[in-house]
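If you scroll down you'll find the structure; I have some questions about it.
Order of writing sets the labels: A, B, C and D. Residues in every chain begin at 1.
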Amino acid sequence: MSLRSEKAHVISYAEALNEAVAQEMRIDPNVFVMGLDVDDHLGILGSTVGLVDEFGADRVFSTPLSEDAMTGVSIGSAMAGLRPIHVHIRMDFLMLCMNQLINIASKAHYMYGGAVNVPMVVRSIIGKSWGQGAQHSQALYSMFAHVPGIRIVAPSNAYDAKGCMTTAIRDNNPVLFVEHRLLYYTEADVPQEQFEVPFGVANICAPGSDVTIVAISNMVIESLRARELLDGIGIDAEIIDPISLVPLDIETIVASVEKTGHLLVVDNAWISCGMSAEIVAQVIQKASTPVRVDRLGFAPVPCPTTPTLEDAFYPNPATIASTAFRLLNPEMPDWAPDPERAALAYQQKFRGPF
Amino acid sequence: MNGAETRLYHAVRRIRRVEEVIAEIYPSDKIRSPVHLSIGQEAVAVGVCDVLGRDDVVAMTYRGHAAYLAKGGDLKAMMAELYGKATGSAGGRGGSMHLISMDHYVLGGSAVVATSIPVAVGYAFALKKEKKNRVVACYFGDGATEEGAFYESINFSSLHALPILFVCENNGFAIHQPLEDRWATPDVCKRVEAFGIPAEQIVSGDIFDIRNAAQSAVAQMKSKSDGPHFLECHTYRWREHVGPNEDYQSGYRDRADASAWFDNDPVEQLGKTLAADVRVKIDYEIESEIKEALQFAEQSPFPDESELEANVFAV
Amino acid sequence: MSLRSEKAHVISYAEALNEAVAQEMRIDPNVFVMGLDVDDHLGILGSTVGLVDEFGADRVFSTPLSEDAMTGVSIGSAMAGLRPIHVHIRMDFLMLCMNQLINIASKAHYMYGGAVNVPMVVRSIIGKSWGQGAQHSQALYSMFAHVPGIRIVAPSNAYDAKGCMTTAIRDNNPVLFVEHRLLYYTEADVPQEQFEVPFGVANICAPGSDVTIVAISNMVIESLRARELLDGIGIDAEIIDPISLVPLDIETIVASVEKTGHLLVVDNAWISCGMSAEIVAQVIQKASTPVRVDRLGFAPVPCPTTPTLEDAFYPNPATIASTAFRLLNPEMPDWAPDPERAALAYQQKFRGPF
Amino acid sequence: MNGAETRLYHAVRRIRRVEEVIAEIYPSDKIRSPVHLSIGQEAVAVGVCDVLGRDDVVAMTYRGHAAYLAKGGDLKAMMAELYGKATGSAGGRGGSMHLISMDHYVLGGSAVVATSIPVAVGYAFALKKEKKNRVVACYFGDGATEEGAFYESINFSSLHALPILFVCENNGFAIHQPLEDRWATPDVCKRVEAFGIPAEQIVSGDIFDIRNAAQSAVAQMKSKSDGPHFLECHTYRWREHVGPNEDYQSGYRDRADASAWFDNDPVEQLGKTLAADVRVKIDYEIESEIKEALQFAEQSPFPDESELEANVFAV
């Protein structure tokens, strides 16, 4: 181990992404970054700041507002041997590039009999709305998980963000990289040197014996807080972060559920036909013991802007805790934790306008 | 002409002041929603809407306060919407980016660039079928012309000779990216003309130039049913892309570039043409209206949490 | 009842769609039909043949190849009070209009506080590939089922096709209408006069007590044949056709599963994050008795063109029957029905080129 | 020049005969995959590919047999692919619409109209970075120019001065829909020029006209790095949109329209310029090659069912 790695290197999620990309760009000239606003002074909430200065406008550039064609450009350049990182500041905008992503990127390797690879990273930010509304708040990764051929990762902390980004860039397939805006400000001690977080290996963030909570992206943080709340009433929750959704480490989840007998999937997305459905279905098919399950996610509505409704739109530590309680104690009256205790510090940092 | 000047002054001043007040309130977090201000761009909204009939239609973007107000949208409903109140134009479900007023034929703004363009074309398609000589005016930014949907839309609207006036508010930037980084050639009118659509570029920012061009386009659409027209209106966004502040310090543009536009300010220019007491009266009226609207917004209730899951589907 | 309705009126699925549209167009001048090739001599496999002659080019017209904008045009015209029927000869092409469908159509009513409605029908054909390959074989309705605000129907026979089409046109919301190409040639006795098939009411196509098979679109036909095969070895399968996927009649499905204790969902689509996952998850959450479940759908690959692989890509009566058998008898060796008996007559009718 | 004629004759005749044979075989269902024949359109494929270097790249559509063969794609691998065999160019996974040969720099065809255009632009982007003076030739139909992706693609390619020759095979129809129902104006070159891209229309269908235009465009891209060029080549599809047959009886077009194109047949025209024995020798060679390729396809094995789920992801 080098001296450098022995000192703590506490960086934010945004810095972790930035560092992973910069380090890989230094050793691989084929890596480049494009997307709206990757080269301005804000640099995608800091995650691309400085890259254009170091690597030049040939390798870090903003594009016209042409998400569809630019996705095709990523694909074509990847087929030619480059390694594009295509950045979208909101996942909602991926709806403009579905044709290229679903009809070309996900299929090219198989459909052309292995003649081409499409090593590209599609970065897209999801996030709590803060009044941004229905078109700026969606987390649509389940659509991509429906279609074979695209890897999906949704790291929940700076360490995984850096390691997953390195793995994603080096992967020879399209990788959808899901980044929750509220996580950008969270920090972790992250190795300074490059490292890979392998896809398909879930992380048991906190052990527990009563209920398994599988939480995606920032729901990991919310669920860890829910775990504390549950702990206060003697319920011991195990929190699992799948990190990568495709491939999914279902074995780790099943093993946990076989131990606890209870599964709550907390997704940062709509429930219907979502990852929460898939995880529940796979667990039910694979578990060798009886299981009770529940799911949490966005309310089944377009995200409203007004705070009263918006607050109710998302799962939060209180709803996670009380849902877990109900799952374990269906006969008992509902329980809700003290709202004060349920608040999450990291959310206070985020204020608009966007 | 003096009638026009008074009317236009009222309209631009009202928009300006409303947005200045929004900017002042903004740090309080009472408006918990991103605001894209049109301060500096009012002449485009007002110049075009001034020639539209009451039942002509306006389609716009997330940067839509100006067009909403210019077309007659209710200020109370708008402020309440920004405050997230049940009395808002979208019942608090839409916020600043999704203003709508079907009573005033203001189609809702969209937060996804260019997506309202084909929707506006579809509305124009319905108007053509209706045969009542109504037209749609469709606002969008320079950045929107880079989206494929724009070309598909103009092709279809020209092919079917639809009554739609496309109004490109060219403020030179998409967020912080200048035109040169996005357009292969600077001449969007030429691109549009290649689809058989008459196109006019107005670089002055002058509200009368804009109004005259819009008037003649709308007149032709109404009298000759000659299909779509296109206006490219140069303009300048005085504040940051989103949010209440100026951002000249951030480096992507220079305050010096802005100064010609400050000098050209339609609020001041029109104001100067009015007698002092006329102007004061209008200004006072506007301040009162804003005060009332704010009070309305402040006092209106939030939607009840129990309504969250209602009305996803229309009955 | 009129004389006319007493005579049998046996028509194909294509004719049923055509008839429903024509009848509604006669009484509602706001209804119009657009989409690539709706007015040519082939008329979308017959389903739009003759409409342009009766209603004229103003109400029935082909469009430029501009799926994205034309979807916006549908939406805008619907907001203005028209009732567009937008036809896509392949569902794969919906990937070009995801932005309009997901970011506008599904949200407009809610996001604009009820100020507008979007009464439009999006017709899209899915179908077995016959060597058409990865980009001409997808059934992507689960993506839409993930997002609140779009109704989805997938009628499996001519009767439901006609009745659902009438309901869809009259509905004040976007309706995704899913039509399987192989069903186009199937016939049924269908009322000549207009009628509505209500959304959200499943059809128990065949009763059974051992296993509940929920089958979507043409999988209903394949499952009915599987039921015969199972019957031959003494297994009694109940076949449920949900008809509409959004809203979903989960109560009927749950009631059946509570009776049989076994649920097999057979989808005409990929499994991951699909309708099959959603149905399984909902049943598990709602059923009051223990349930064993399995799912069938496309193989998790882009659809290959070669017959050997393509045949293995789709569920069929034999795989449905043997999967049901395994679900009921996990300890017994696998069973497979006689392939000859498992073949489906209606598939022989279909030959390329498309 | 005679060298060119011999070479070009070989190329067009080979494509013609391959597709005629495919049409003959088709009713047998040995080719269980939709075929979009280029019969009648060979001059565009051959005229352009003839001026490309071996390591220049071709991007094409579902109607891609001609371009695949003109660029040097292997006939055996193509026939095996149509037969769904493991030895096919895509191992039987792609079929007629997804021919590919990276050895010959033939990018795969796509079944979704216009989707291969931005992909080709992306390849050109990589070639520009590589600085080896290679270019991409990107084929697409007239219908493809209606998709938004087309405009987004030409804007980006012009903005970044990418080495790509856009080749529009304008056969006047998208399936059965004539241009007039789809294009607001008939002049696609003007639309493209508005993006700063030199565009040339070739209405003759003459293979030398096409070749000359392509040659000068490619030469400029290679010597001056002057960014994209565009060719609109008028042509005519002799058979039905998809499938092996003629369809003049179906009413959407008239055999009379076709007759000028029959008279103009490059296979016949070029054939006439050759000495009889030269021609016979070429024809014989082609028939032998086709026979061999068919035999290869027939005798090759199907992929094994066990391979279905392999290779969704690259390692």
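The criterion applied here is as follows: a residue touches a chain if its C-beta (ideal position, glycine included) is under 8 Å from a C-beta of that chain, and two chains touch if they have at least 3 such contacts.
Please read all numbers here as calculations on a predicted model, not as lab measurements.
Colleague: If you check the contacts of subunit A and subunit D, which chains show up for both?
Modeller: Output, common partners of subunit A and subunit D: B, C.
Colleague: Per the centroid of Cα atoms for each chain, what is the distance between subunit A and subunit B, given in Å?
Modeller: 36
Colleague: Suppose each chain is reduced to the average of its Cα coordinates; what separation in Å results between subunit B and subunit C?
Modeller: Result: the chain centres lie 41 Å from each other.
Colleague: Could you put a whole-Å number on the gap between the CA centroids of subunit B and subunit D?
Modeller: Taking the mean C-alpha position of each chain, the two centres sit 46 Å apart.
Colleague: Find the geometric centre of each of subunit A and subunit C from their Cα atoms only, then give the gap between the two centres in Å, rounded to an integer.
Modeller: Comparing mean C-alpha positions, subunit C is 32 Å from subunit A.
Colleague: Which subunit C residues reach two or more other chains?
Modeller: 63-64, 66, 68-69, 92, 95-96, 99, 103, 110-111, 133-135, 148-149, 300-302, 304
Colleague: What positions in subunit D touch 2 or more of the other chains?
Modeller: 88, 92-94, 98, 110, 112, 146-149, 152, 155-156, 159, 181-183, 312
Colleague: Based on the touch definition given at the start, go ahead and assign the chain network to line, ring, star, complete or other.
Modeller: Graph shape here is complete: every pair of chains touches.
Colleague: Touching subunit A in the complex: which residues of subunit D?
Modeller: Checking each residue of subunit D against subunit A gives 88-94, 98, 100-102, 107-108, 110, 112, 115, 117-127, 129, 148-149, 152-153, 155-156, 159, 311-315.
Colleague: In their shared complex, at which residues does subunit B touch subunit D?
Modeller: Interface residues on the subunit B side: 146-152, 154-156, 158-159, 181-185, 187, 190-191, 193-197.
Colleague: Residue numbers of subunit D touching subunit C in their complex, please.
Modeller: Subunit D reaches subunit C through residues 26, 29, 31-35, 84-86, 88, 92-98, 110-114, 143-144, 146-148, 174-177, 181-183, 242-244, 250-252, 302-305, 307-309, 312.
Colleague: Which stretch or stretches of subunit A touch subunit B in the complex?
Modeller: 36-37, 40-42, 61-69, 92-93, 95-96, 130-136, 299-302, 304-309, 311-313, 351-354
Colleague: In their shared complex, at which residues does subunit C touch subunit A?
Modeller: On the subunit C side, the touching residues are 68, 92, 95-96, 98-99, 102-103, 106-107, 110-111, 133-135, 138, 140, 142-143, 145-149, 246, 269-270, 272-278, 280-281, 284-285, 290, 293-295, 300-302, 304.
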